[in-house]
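Step one of this worksheet: look at the structure below.
We call the chains A, B and C, going by the order they appear; numbering starts again at 1 in every chain.
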Amino acid sequence: MKSAILFSLRKLFLLIPFLIGITILSFILGIIAPGDPAIVVLTMDGITEPTTAELTAMRHAMGLDQPYWTQYGKWLLHAVSGDLGNSYVTGKPVLGELMRRLPVTASLAVCAMGWVVVFGIPLGIWSAKNTNRGPELVLRIFSLLLISVPGFWLAIILMLVFTEELRLLPSSGYGSEVQMIMPSFVLASGTMASVLRLQKTTVTETMQKPFVLTGQAKGLPLNHIMWKHVFPNSVMPVITMMGTFFGSVLGGSVIIEDLFSIPGLGSYVLSAIWSRDYPVIQGYVIVSGTIFVVFNYLVDLSYYALNPSVRQEEES
Amino acid sequence: MRTKLGQLHYIYKLAIIVVLSIILCAVLAPWIAPYDPYQVSIDEILQHCSAKHWLGTDALGRDLLSRVIYGARTSVAFAVAVALCTMLVGVSLGIAGGYFGGITDRVIQCLVSMIQGLPGMSMMIAIAAVLPENDFRLIIAVTLTSWAGFSRIVRSEVIRIKGETYVEGIKSLGAGNRYILKEYVFPNILPVIAVLLTLRIGTSLLSASALSYLGLGVSPPAADWGVMISDARTYFRSYPVMILAPGIGITLFSLGINLTGDALCELLSIKKGPENKEM
Amino acid sequence: MDIRIRDLSVSFVTNGKNLAVLKNISLGLVQGTVTAIIGESGSGKSVLGAALARLLDPQAVISGRILYGDTDLLLLDEPEMSEIRGKSISWMAQNPVSAMDPLQKTGDFVTEILDFRKAFPSERLQEIGIKQLRRFGLQNAETVGQSYPGALSGGMAQRVLISAMTVEEPEWLIADEPTKGLDAMGRRQVYLNLCQLARERRMGMVLITHDLRLAERLSNYIAVMYAGEIVEYAGTGEFFASPGHPYSRGLVAAQPDKDMKPIPGDITDLPASASGCSFAPRCPSFCDRCSEKQKMVEKDSHFVRCWRYVQENGDTFR
C-alpha cells in the first residue's frame, strides 16, 4: 500500500515537466498568432481608433514590451491561478468558458472509449481465436477500412444513411443517449479498429507462450487458460497504448463535435479559430493537454494496479 | 521470413496496384482530366451524373471528375510532402540521439516524450490555427506533431545496430563516425524507414485532409479531397456523389497505403508495432 | 502403469516440406523407474517428451501408438486427455520462468489445478501450496508463494515448477531439461528434488536432458536419441560402463569429467543415402554397411542400432 502511494506520487511529480511544456507551447502559440493584443484590447468596442501613444501605453500596461521570458513568467503565474485571459470575442474569462464545455467533451470521449473497450477488445480476442475463418476475414477488412477512412467523411456518410435514409438516429444535438450514438461511434471508429488489431496480435502472441502448455500439462482445459492467463497477459500491452488512443479521441472530437453540433470544447475551439479568438485557442491547448496528461497518469496507475511485475519492481 | 514480391497475398498486390494507379492519376491529371477543374460555369451548377459530366458538377459548375483527379494530385502531393518532412526531422533526430547518445540524446528524448505526451491532433489543429494562412502551415503543423514516433523507432534501431559486434569491431579499427553512419547504420535502418515512411503517407493524408476540411490546410478553390468534402457539406443530401467521390479517393489511397506498408513489412521481414490513427 | 511407445512418428509441415522429427520410435517405460533420454539439441528428445503428454502443436502429424496401460493416448480427445494430464502424466517445460504466467502468484500457480478440479476446499489451498513448496526445499515458502515468477531466481523457479507439476502426485513426470541454465547449486537442488520424487514416491520419470551426470545419477535406463531415432537403450550402469553406439561413446567422451572430446560435425549433416544410418556422416567407425538401415539389435537387454556394434560382438544377437 505504501509503495502504491509512493508510486502514484512519483508519477504525479513526473507530470510537472509535461504541464510546463504545455504552457510553453500555449504561450508560444500566443506569440506566433498574428495581431497585436494591445490593439485588440483597445479596439474591443469597435469604435476607438487608438493613437500610437495609447498603444505604447497599453503595451506597457500589458507588459508586452518586456522580454518573452518575463512575459511567460507573468502569464504562467496568471495561468496557474486560473486566469487564462479573456476571449477577444465575448470578453469573458476563457477558463470559465472552457470548463463549462469540458463535461460535454468528456462524456463524448467516455462514450467513445466505451466503444473501444466494449467492441475493440472482445472482437480482437475473437479474431485471434477464429483467425482465417470467413467472418474473421470480413472483420479484418472492416477494421482496416475503419482505420483508413477519414473520420469526418465517415460521419457524413453515417448521417446520410442513418438520419436521412433510415431516419433512425438524430444527426445533431447533445443531451440524450441516442444523440451520442453516432458521434461517439465515429470518434471511436479508428481507435476501435486499432485496438482490435492490436488485441488480436497480442492474444496470438500470448497463446504461443510456454505457460499455456504448462497450464495444459496441469490438466487445465484451453478455455480456462484463455480466460485466466492468456487474456490478462494479452490485455497489458493494450492498456499501455490506451493513453495514445485517447489522444486521437480527444483530437478527433474537434471535428466530430462541429459536425454533430455538440457544444463541447472542440466545437468551441473551432469557432474560436474562425473568429481568430487566440486566447481561447491557447486555453484549449492547456485544457486538452492537461486532460490528456491526467488520463495518461490514470492509465499508468491502472497499469500499476494490474501488473504485479511493475509493482514488485517498484518495491525492490 | 522474407517473402518475395511474387509470393505476396493477392490483396497486397491489389493494394499496391491501387496506390500506384492513384499516384499515376495524380501525375497524369492534366492529360486524363476531361475538364479544367477550376473552370467555373454558371450554366452548369449542381448537375447530376451525365455523359458530359460523369460525376456531375459542383455548386460552381466545376466538373467533379476533373476535380477528383486533380484532387489526387494535391492530396497525395501534400501527404507525401508531409511524410517526407516528418521523416527528415524524425530520422535526423533519431540518428543524432541514438548514435551520439549523451546530452544530445537526453534533450531529444525529452522532446520526444513531451510531444508524445500531448494530444497530437488537438495540438495540430491549434498550431495550424495560429500560423499565417498559406500551404506551409499544414506541413509545419503535421510535421511538428508527428515526428516523435518516427524518431523513437529510428533511435532504438540505431542503438541496436550500434551495439552489434561488427560495428564495435569496425570502430575499434579506427573508422570515423561518418563512415560508420554511411556504411553501416544508414543501410541497416533503411528498411525500417521505408516502412515507416509508407505508413506515414497514409496517416499524413488523413491528417492533411482533416485540416483542409477544417479550412486550416489547403485553401479553396484548390482541388483537394479534404476541401471538396468540406465544400460538399451543404449539398450532400441531394448530391451524395459530391461527397462520396473525394471520400472514396481518400479511403482507397489510405487503405492501399496501409496494406502496402504491411506488404513491405513482409518483404523486408520487419515486425510492425501498434498503429494509431488520428481521424 | 507402464507406458509403451510403439512406432511413434512425428512430423511438421513447414513451407510445404515435410520435416520428420521423430521416426518410428518404440520405447518401453517401466512404472516407478526413471528413463533418461539423452542426445544433442535437435535430436527430437523434447518433442518425444511433449508427445507423451500430447502437448504437441496441433499442426504436427503424429502416427503410431502411445499406450498408457491399455489406453492409446493418441486416440483420446482433449477432455479425456485433460483428466490424464497432471493426475497421471505430468509434463514440465524447460525454462521454468517462462513456463509460468507472469501475472500469477506462484502459490496460486502451484494449487491452480486443485482449485480447478475442486479437489480441496478453497480455503485450504494456500496451506497446501505452502506445504508443497516447502517439500521441495523452499525454506521461506510463505514469501515465495506470494511472489510473482519475475522475482524468482532460476533455481527457485525450477523448484516451484516441480512443486506445481507434482501437486496431484502423478504417476509419471516428464521433465524437459530440468537443470538447463542453472548454476551448480541450483542443479544440485533440482537433482535432490527429483531424487526425492523417484526414490521416496517411486514416481516414474522421463528425464530429458543433455546433462549426462544427472542422467547417470538419477536414471535407471538410458535412451540415446539421434536425429529422431533411438540409437541405443540400456540400463544406466551398463550404458556408462560400455556404451555401444559410436554416437553414445562420443557423448560420454564429450563429458567435462572425461576427455571433453567433442563429436565432429553437426546433427544437421545428413547421411549420403536416406535409408542409411543417420549418424554415418559423423561416425568415426564408418563402414560399408552403414548406408543400409540397421535394426535395433539386443544383447543382454542392451539395445544398439549399429552395424559396427554387430561386427564387434560377433553375430550373437537375437
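Structure notes:
Everything below uses one rule, namely that a residue touches a chain if its C-beta (ideal position, glycine included) is under 8 Å from a C-beta of that chain, and two chains touch if they have at least 3 such contacts.
What you are looking at is a predicted structure, and each value in this text was computed from that prediction instead of being measured.
Taken chain by chain, the contacts run in an open path, each chain touching the next and the two ends left apart.
Among the other chains, the CA centroid farthest from that of chain B is the one of C. Computed from the mean C-alpha positions, the centre of chain A lies at a distance of 53 Å from the centre of chain C. Between chain A and chain B the centroid-to-centroid distance comes to 22 Å (mean Cα coordinates, whole Å). With centres taken as mean Cα positions, chain C sits 54 Å from chain B. Residues of chain B that touch chain A in their complex: 110, 114, 116-127, 129-132, 202, 206, 209-210, 213-216, 226, 229, 233, 236-237, 240, 243-244, 246-247, 250-251, 254-255, 257-259, 274-279.
Contact residues on chain A toward chain C in their complex (touch as defined above): 209-211, 213-222, 224, 228-229, 232-233, 236, 307-309, 312-313, 316.
On chain A, the positions that touch chain B within their shared complex are 17-18, 21-22, 25, 29-30, 32-34, 144-145, 147-153, 156-157, 160, 164, 190-191, 193-194, 197-198, 201, 237, 241, 244-248, 250-252, 254-255, 258, 269-270, 273-274, 278, 281, 284-285, 288-289, 291-293, 296.
Residues 50, 53, 55, 78-79, 82-87, 90-93, 95, 98-105, 112-113, 116-117, 147-148, 150-151, 161, 164-165, 168 of chain C are the ones that touch chain A when the two sit in their complex.
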